[in-house]
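In the two complexes that follow, chain A is the common piece, with chain B as its partner first and chain C second.
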Partner chain A sequence: MEAYLGIDVGSVTTKVVLIDRHGTALWSSYKKTMGQPIKALQSAFSALRRGMGDIEIRGVGTTGSGRKLADYIVGADEVKNEITAHAVSAIHHIPNVRTIVEIGGQDSKLILIRNGVVVDFSMNTVCAAGTGSFLEHQAARLGIAIEELGNYALAASSPARIAGRCTVFAESDMIHKQQMGHNLEDIVAGLCDALVRNYLNNLSRGKEISDPVIFQGGVAANPGIKASFERELGKEFIVPHYYPIMGAIGAALLSRNTTQTRFRGWSLSEKQLSTSSFYCSDCPNACGVMQINDCDEVIARWGDTCGKWGRMSE
Partner chain B sequence: MKLTVPHMGLLSVAYTRVLRQHGVDMQPPPKATIKTLNLGVKYSPEFACLPFKINLGNMMEALDNGADAILMPGGYGPCRFGYYGIIQEQILREQGYKFTMSTTDNPDRLSDMIDTIRDISQIRNRYDGYSVFFLILMRMAALDKATALYHYHKPREVNRGDTDQVLKQAIEMIDLADSYTKLFRTMPEVKKMYKAIRIDKSFKPVTIGVLGEIFVVIEPFANLEIEKKLGELRVEVRRGVWLSDWLNDRFRFRPFRRNQTKYATKLAKGYLNFASGGESIETVGKTVLFQKKGVDGVLHIMPFTCMPELVASAVINRISKDREYPVLSMTFDEHVSEANIITRLEAFVDLLERRRNGSISRY
Partner chain C sequence: MKNLRIGIPRALLYYSYAESWKLSFSELGLDVITSPETHANILREGIKHAVGDLCLPVKTFLGHAALLKDSVDLLFIPRYVSVEKESFMCPKMIGLPDVVRACFTNLPGIIDPLFHVKQFGDNAVREFTKPIAKAISQHHPDVYTLFKRNMNTAVEIPAEQNRVSARLLSEVGILSSHRKMNIGIVGRPYLLFDRHLSKNLFKYIKDLGANPIYLKPEEPDMREAMAVIPKWVYWDMGKEVVTSAHLFFKDDRVDGVINVCSSTCGPDSFTGDLIRKRLNQRNKPYMALSIDEHASDVGIQTRIEAFMDMIARVTA
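Up next, the complex of A and B:
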């Protein structure tokens, strides 16, 4: 069977998806990266082999902050930024989409689409306030499973008002509210509201959010956030079936133009791959150079400003 | 006296060799690296802008290398920049450095520049002062010309990296051209070198106008080599701010080049009716110009905490809305995340490409 592979190596999770010619997802995996993207990819690959048997890969697309790393080890035909990948995937699923709200582990994006073309976008820059990692941290602190967080929020009667400008302040404000006697549900709902306010302040800034709005990325799993958005904007937020793997699907869709794939084959899951890094000492820039090793052999190097280490491994 | 001047783009290439010939013992700061930035950040006020920090780092490295005099442009300044020299001097003295400092009081006035040159060099004759100063200006214009050719050739090059090599060579050649005659002979050579690069002539790259605060625009170290990055994404850069234009607006050494500040001010009418400092009026005016000329989009870059450009950024957002014209603003400082910059740049280029092709037909 012919299929296309999409890989989204995000900051927190690694997504792998297999689609057919028409863009239908045949198989997918959604796993925590746990700080080891290569291992995460390898385990996803062996699971894919077990689950799907023999398939012919016709194209590979990678995206996410680890897209380059994934390209080096898998051999990709299309290495795309997350914004384009998410847009392509959303347009494929809902062709008349006008706004995409995407919140992932470390970053959040707002993408505006008119007539099937991206016309504007924004992305959080330095601050991670209002992203999945923060929610996860708070859930752990409150002793709630991250999957349950949304249900707590929905059960709230009067959400507490929590300062959401900065995660550090949000946390101390949450503690303050809890010591004042607010119940857990109200605090969690307040947290969702704060995250939404923060998102709108940082990203939308006067950009027009118009229907239909798609809400995707890992945080879309949280019905509390969805409800806060809908309350704040008075608009319906559509959460697509494949919300956490939309980026990976987008990358796979983009790879459908490939004529001759650069895919390195399934042997990846058995290889002994490791990464290492060192600081180059040839000039005061002291670039951190990263390398991937297959046993003792260096397959790829990057991270140097001048490019000499990168060239050496080509 | 070993004299040092903080870097600003390629400006030091324009003056160092010429001034050395006239008896100025020049000690230019080493090329900016992470070490320069770290030094600057460590001793600068947190909310000073990136140019301030890099300049201070330049000064410290030059002083460590044996320089004992600093020349810093100053005066009433286009923004806070006018006071930078004074504050940097104080910081350096507190750190125990021994040096003499001079700031040019009035960098817009020709006579002031000539006096500065006569002060630091062995030139006594006023006429010689003019001659040297205009040679420096012409060399700066030549360097800018070489850079503009780079912008044209980089996205079209067949062998990756060829154009970068040529630019490097061109800068060296212009550096060696230390008289009017040599300079006039060098420029055709530079053009010939660019012509020899193998390029894909049928390729029509996406064009992006690069605008913003002048230091961040012209200093590759400050903007994480954004023009090279764009070139590698196969984008043709149309830079809207040039050091030679800034100089030409003040000293009129290129009679056939119109005054860019006045031109931008005219174009900006209706959006920004007065100069609000820095390059704000240029940013606004040239955004309008690029839109009219059919440049695909504008990339607006500035240092974090830059007031004039922040004003401009709000104004060009309105232009963007009015005329449905894509504009992307980015701020730079020592905390900037390169991954984030690259993602946004790539997405912006994708946006422009798809917008030009008008549909989702590619998927």
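Up next, the complex of A and C:
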């Protein structure tokens, strides 16, 4: 069977998807990266092989903040930024989409689309206050499984007011509200409202959010956040079936133009790959240089501003 | 006798006026010592000495001052208040000499002459050079003459950055010769041309196959741009930023505009809004790219790549 591989290495999760020529997802995986993107990819690859048998890969697309890393070890035909990948995927699934709200583990995006073309976007990367990591941390602190968080929020009668500008302030605010006697449901709902407010403050200033709005990324799993958005904006938020892997699907869709793939083959999952790093001391910039090793051989290096180390491994 | 060594930090107004300062001081017989281009250690040192509320470019300045302070007799930190009748520098710039004094001990002498056109009008350079003459023990008329003569010396900009004048943009047609994607870059010189702070943005855009353009607007252009917006921009540099954006928006050969700003810059938050709401009437692809001390190269590269993808699809 012929198929296209899409890989989205995010800061918190690694997504791998296999699609056919028409863009239909044949197989997918969504796993925590646990700070070890190579391991995450290797285990996804073995699972894919077990689940799908022999497949002929015709094209590979990578995206996410680790897209270059994924390219180095897998061999990609298309290495694409997350904005474009998410947009391509959303347009493929819902052609008349006008707004994409995407919230992942450590960053969030707002993409405006008119007539099937991206016309504006914004993205936060510096502050993770409005993202999945923040929710997960707070869920853990409250002793609630992250999957359950949304249901608590939906059960609230009067959401507590919580500052969402900064995770540290939000946390002290939540502790204060607990001590005042607010119940867990109201606090969780307040937390969802705070995240939504933070998202809108950071990303949507001056941008027109118009229907249809698609809500994707890992946080779209949380019905409490969806409800907060809908309450705040008075608009329906559509959560597509493939919401957590939309970026990976986008990368795979983009790789369909490939004539001769650079895919390195399935042996990746058996290789002894490791990463290491060092600080270059040749100039005062002291760049942290990352390298991927296949046993004793360095197969890729990056992180240097001048490109000297990167070139040496080519 | 050994020459006096005067240190000029390579940050902030260095990127606008340093050539004239350097030229004048060397003609007066001083040894001019400038700090190197910003690198990671300079920035780290600046952040260490700064209070948190200062913006990234001021923190960078402190790093450069720290590097120079022990190897010079004098530090040159002019206090620019206004370079035109009705304009002002940002308060952090106006207070720069005081910020440096507050952040360090064991400083060499600081020359902090006042440049204030609003107050002194045509005598601004004369007033500016008085404390300089005193600090280096030379005759004021000589110092004044040199500074006056060198005032308009152009600042050297790293080679990979296309710097064109507004006249060139409209008359010579540098943009139309090859049909690469043309991206207009607006922003303050001290952010754009500090390659460490701007993450080598010009080169990155070039490597991706597009043509980044920076321009220096001229007086008539500024008057034209100011007439489009509801109120005169009285922030120095802010006016140039707004004017450049205006020129880029109205020129058909420019495919998109990136406004590079420091994330906590007060004046830029005003001008950024003006650009987005009032100047981009034709809805050209526009992106505000904010630079922060924590911003990784990847975050900026992702935005630039996505922006170029957007232009490619919009113009296709």
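Here are some notes:
To be clear about the criterion, the second predicted complex is superposed on the first by the 313 of 314 C-alpha atoms of A that agree within 3 Å, B and C clash if a C-alpha of one lies under 4 Å from a C-alpha of the other, contacts with A are read in each partner's own complex, and residues count from 1 in each chain.
What we mean here is this: contacts are C-beta pairs under 8 Å (C-beta built on N, C-alpha and C of every residue); 3 or more make two chains touch, one makes a residue touch a chain.
Just so we're clear, the structure is a prediction, and the values are computed from it rather than from any experiment.
Of the two partner chains placed by the overlay, only chain B lies in contact with A:Leu253; chain C stays clear of it.
Looking at the shared chain after the overlay, A:Val117 reaches both chain B and chain C.
When the shared chain is aligned, no partner comes close enough to touch A:Lys31: not chain B, not chain C.
In the superposed pair of complexes, A:Ile91 makes contact with chain B only, with no contact to chain C. Chain A has more of its residues touched by B than by the other of chain B and chain C. By the document's definition of touching, both partners, chain B and chain C, reach A:Glu82.
By the document's definition of touching, both partners, chain B and chain C, reach A:Pro284. Touch criterion met: A:Ser65 reaches chain B and chain C at once.
Comparing the two interfaces of chain A, the one with chain B and the one with chain C have residues 65, 80-84, 117-121, 123, 125-126, 206, 283-286, 305 in common.
Within the complex formed with chain C, the residues of chain A that make contact are 65, 80-84, 117-121, 123, 125-126, 206, 283-287, 305. Listed in rising order, the residues of chain B touching chain A in the complex are 30, 33-36, 225, 317, 324, 326, 331, 335, 337, 339-340, 342-344, 346-348, 350-351, 354-355, 358-360, 362-363.
Partner chain A is touched in their complex by these residues of chain C: 36, 39-42, 196, 200, 263, 273, 276-277, 283, 285-287, 292, 294-296, 298-299, 301-303, 305-306, 309-310, 313-314. Interface of chain A with chain B (complex): residues 65, 80-84, 88, 91-92, 107, 115-121, 123, 125-126, 206, 253-254, 256-257, 283-286, 305.
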